[in-house]
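As written, the chains take the letters A, B, C and D, and residue 1 is the first residue of each chain.
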Amino acid sequence: MDATSFKKDFPALRNTDLVYLDTAASSLTPTSVIKQMNEYYEHYPVNVHRGVYKLSFRATEMYEAARNTIAEFIGATFEETVFTRGASSALNLVASAYGLTNLKEGDEIIVSELEHHSHILPWQNVAKKTGAKLIYVPLTPAGRITVDNFKHVLSDKTKMVVLTHVSNVMGYETPIENIITLAHAQGAIVSVDAAQSVPHKPVDVKKMDCDFLAFSGHKMCGPTGIGVLYGKKHLLDDLEPIEFGGDMNDNVEKYDAHFKDTPYKFETGTPPIAEAIGLAAAIKYLRSIGFETIYAHENHLKEKALDALEKLEGITVYNPGTDTGIITFNLDGVHPHDAVSFFDEDNIAMRAGHHCAQLVMRFLDVPATLRASFYLYNDEADVNRFIENVKAARAFFTEVGF
Amino acid sequence: MRQLENLYRQIIMDHYKKPRNKGLLDDARYKKEHIKNPSCGDDVTIQTFVEDGIVKDIRHDGTGCSICCSSASVLSTRLKNLPVTEALKISENYINMITNKPYDETIELEDAQAYEGIKDFPARTKCATIAWKAFENTVK
Amino acid sequence: MDATSFKKDFPALRNTDLVYLDTAASSLTPTSVIKQMNEYYEHYPVNVHRGVYKLSFRATEMYEAARNTIAEFIGATFEETVFTRGASSALNLVASAYGLTNLKEGDEIIVSELEHHSHILPWQNVAKKTGAKLIYVPLTPAGRITVDNFKHVLSDKTKMVVLTHVSNVMGYETPIENIITLAHAQGAIVSVDAAQSVPHKPVDVKKMDCDFLAFSGHKMCGPTGIGVLYGKKHLLDDLEPIEFGGDMNDNVEKYDAHFKDTPYKFETGTPPIAEAIGLAAAIKYLRSIGFETIYAHENHLKEKALDALEKLEGITVYNPGTDTGIITFNLDGVHPHDAVSFFDEDNIAMRAGHHCAQLVMRFLDVPATLRASFYLYNDEADVNRFIENVKAARAFFTEVGF
Amino acid sequence: MRQLENLYRQIIMDHYKKPRNKGLLDDARYKKEHIKNPSCGDDVTIQTFVEDGIVKDIRHDGTGCSICCSSASVLSTRLKNLPVTEALKISENYINMITNKPYDETIELEDAQAYEGIKDFPARTKCATIAWKAFENTVK
């Protein structure tokens, strides 16, 4: 794949020497997505569902077609595809609507230290409110979740398994299909955080057989303000909504109301219309390139970067075995915040911090790290600039006395 | 000349003002299906009595716009006394016509043909199909 | 005010004879708002808060400046201004975070039949879960909430007052300041639905002295996917968050976490960045025209339309005393869905239905109504086209036999 | 020549590697303020002992980047033994300089002047001000 040809699809990469290595936080936005949202705002910027005039019909058709595109993209049905504000909101919906009502004292929730805060804090809340217990899968010394380690914590008390598909710090892929099979054999329900997998590789929820799965638009070339919750139809059917109001009901009396079926019962009020339409455009864009191509490309860049990093002194890579385009590292003795300014000065955008994953930081026993993540719009020149800067930074910080 | 004039033709207005087979029966042999379109308040119930594979009777009731109410009446006259398979084929054909999909023009829709003009009002297709979908559910 | 000059600010009104009378559902979007969001997506489409490089710093500055613009616009402080997915979500936050924990059996919640579903259903849920009772303010025969009628239901059992500022069907303005004074004298907390007021008139939360207030971006020239919750600082300080995860905490341990202060504790995950920036641009646009001008203009158009409607036979106007640009009416004997298609054919976009306010429909004793609502981009020519169409529709439906 | 070189000057690196007045005291006369920057993990505690309107002692501890840690040390040397009012004036001036606001250049910042280069790294201003803000809270 020739990534330089993709750079031109991203306005933020035009007329600039920006090397953008922070996709794991948010991806850049391609022209086709911006255009599609502009079309909405310029030609039919009206509400959905409730209007019976042409413009509103068009908005509704586009909005629901977007849901179909997204559903089909992950192998789900229309009813199983709920729009939310983002992955965090979707993951919270599972904890609030399923967890708070179905778990009780003595039940166990299997989680991991690799979870993003948005997949651990909602379950801390469930544990506190219901008396259920959080059980951490032991990680391997490299920091991985394995099927074997999962078996050690799985028991007939396990009612819920809450795991990330791909870690946003370690870039490891969880052996989620095997884990789900085992969890289901115990009758447990599985919530998968796919915020870092869906943007990068084909995910089929039916094949994976997860019960719930969530991801965000802004990490996959889509807009901010939208995320998706997938849930198995019979589970969503049984859940009570957690937000109530316009558009999620069909009959309202003074003291009672009757709710619509899924997905609508979870989507009160005016939905993120432009955002849903934009996300569908992002999926079209990514598919036009092909996920195998994207995955192979990211992998190639990551390998090249890792090879070079390994040859350098005074650099610690925390995830040399990363399965994805995410590399987490530090310049020894240099706080990542000091380091990141060095890169920024050469217009290399990279993350420094705890990446909303403080439990991983504790596991690695560091306060914070640098993280570089690659996507389709990166190319070999980016890797070279990155590596040159790592070398220069290493030399600079050594010289000034770190 | 407005296209709406095409649509609100004699047939539709006739069934709207003088609905046939209206009113539900308290008869266990009938299968009932209730559909609501919450966004506009259309609310239709269809009751069907099937015996030996034949749609012996269709009743309907509800509230809604003229398209919705009249189409319940029209379907009741068109499909009554037909074999279930044939009724379903006609229904499918009708819904395809309304939703601008390919349909078999040789199948005689009779009065239901009057709804063809709905094509020009995509926002109203739901009004014209809701009763037919309810019917399908009673015999499927 | 010369509205024709504003029409050109709205791409959806260019090269078209569209008469848009459905602002009460969603307003159209001006070029300046679209441009501002495009600037984000084209130049710094990155995440906020967590990045320490230039682009991310810019995104963060713009996002937080937007919050300041919005806070200042309603007379609130930064900490009191929480971004949500929309008004519905904001109103639900009050019910979930305040209502579910602070109300108990025997407490009374004053509500009205004028409420949008998004301001009544969340409190039906609170009533069911806590045992508190919903008490409806009796409406006047015209359908108004008055201070006198409010006094009839206010008592020392009243713990919560849940009222709309402007009804989205009747267009009436609630005498909210007097009501709030009375409610506070009883120690009750007041939640105000300002979805239909903030877009049209200056609202100062300190002057109003409400405890909570909510509105949406998409009804005030802003984007979809964003709403605002205002809450008094000390109330927000006391509320527990209802969504947990990234960015709303400062310290995360395996079994416990410590949350940030308001507004952040209510905003987990990646926020609606483009949307917040877009909403700030919308406020700038509206202010550049001036709310007094906008209000006077709407009022003028509404009066003109009402005068003409009153002269017609076979038309029922349900809110001849409307205080705002909202007119709710029917063609006698014609279902509004039949009627609305007539208008649509002449490219007049108007709402038909229950407007997410079924209790108002029951009060009016109709299944549904037509609703025309005016905003700054409407002009006298629009009113004339509207009235001509009402006449023609009346004649047409009579002729075909309704 | 990178601007970063300007920034990480002798003074900053010196205070970073050899912090003055570091380590907290268990002494009730000291007022303590703890500030965290959750987005990056900077974590600073400042302890101040004020007597007769004079800042008699300043202690600090914490973790973070070089800018954050060194600035705590720099402020402790610059503000110790000054009247509270003067210390606050210097602090205000420093924060204004860092955040690119107008400031009184005649006020002698001494070692703290070294942080002027932060202007070119707006994403890092928080690192350079967090300790000073904590200090202000201990004496306000």
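What we mean here is this: contacts are C-beta pairs under 8 Å (C-beta built on N, C-alpha and C of every residue); 3 or more make two chains touch, one makes a residue touch a chain.
What you are looking at is a predicted structure, and each value in this text was computed from that prediction instead of being measured.
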Longest centre-to-centre distance from chain C, chain (CA-based): D
Averaged-CA centre spacing for the pair chain C and chain A, given as whole angstrom: 31
Chain B-chain C separation of Cα centroids, rounded to whole Å: 38
Mean-CA-position distance for chain B and chain A (Å): 46
Junction residues of chain C, two or more chains touched: 50-54, 56, 249, 251, 337, 341, 344, 352-353
Junction residues of chain B, two or more chains touched: 39-40, 123-124
All chain pairs that touch each other: A-B, A-C, A-D, B-C, C-D
Touching residues on chain A, where the partner in the complex is chain B: 49-54, 56-57, 61, 249-251, 260
Interfacial residue positions of chain A with respect to chain C in the complex: 11-12, 18, 20, 22, 25-26, 28-29, 33-34, 37-38, 41-47, 50-56, 85-89, 91-92, 95-96, 113, 116-122, 124-125, 127, 134, 136, 216, 218, 223-227, 242-249, 251-257, 268-275, 337, 340-341, 343-344, 347-353, 355-356, 358-359
Interface residues, chain D side, partner chain A - complex: 2-5, 7-8, 13, 17, 39-42, 63-68, 121, 123-124, 127
Residues of chain A defined as touching chain D within the complex: 335-338, 341-342, 344-345, 352-354, 361, 367-368, 396, 400-402
Chain A partner contacts - residues on chain B that touch it in the complex: 36, 38-40, 122-124
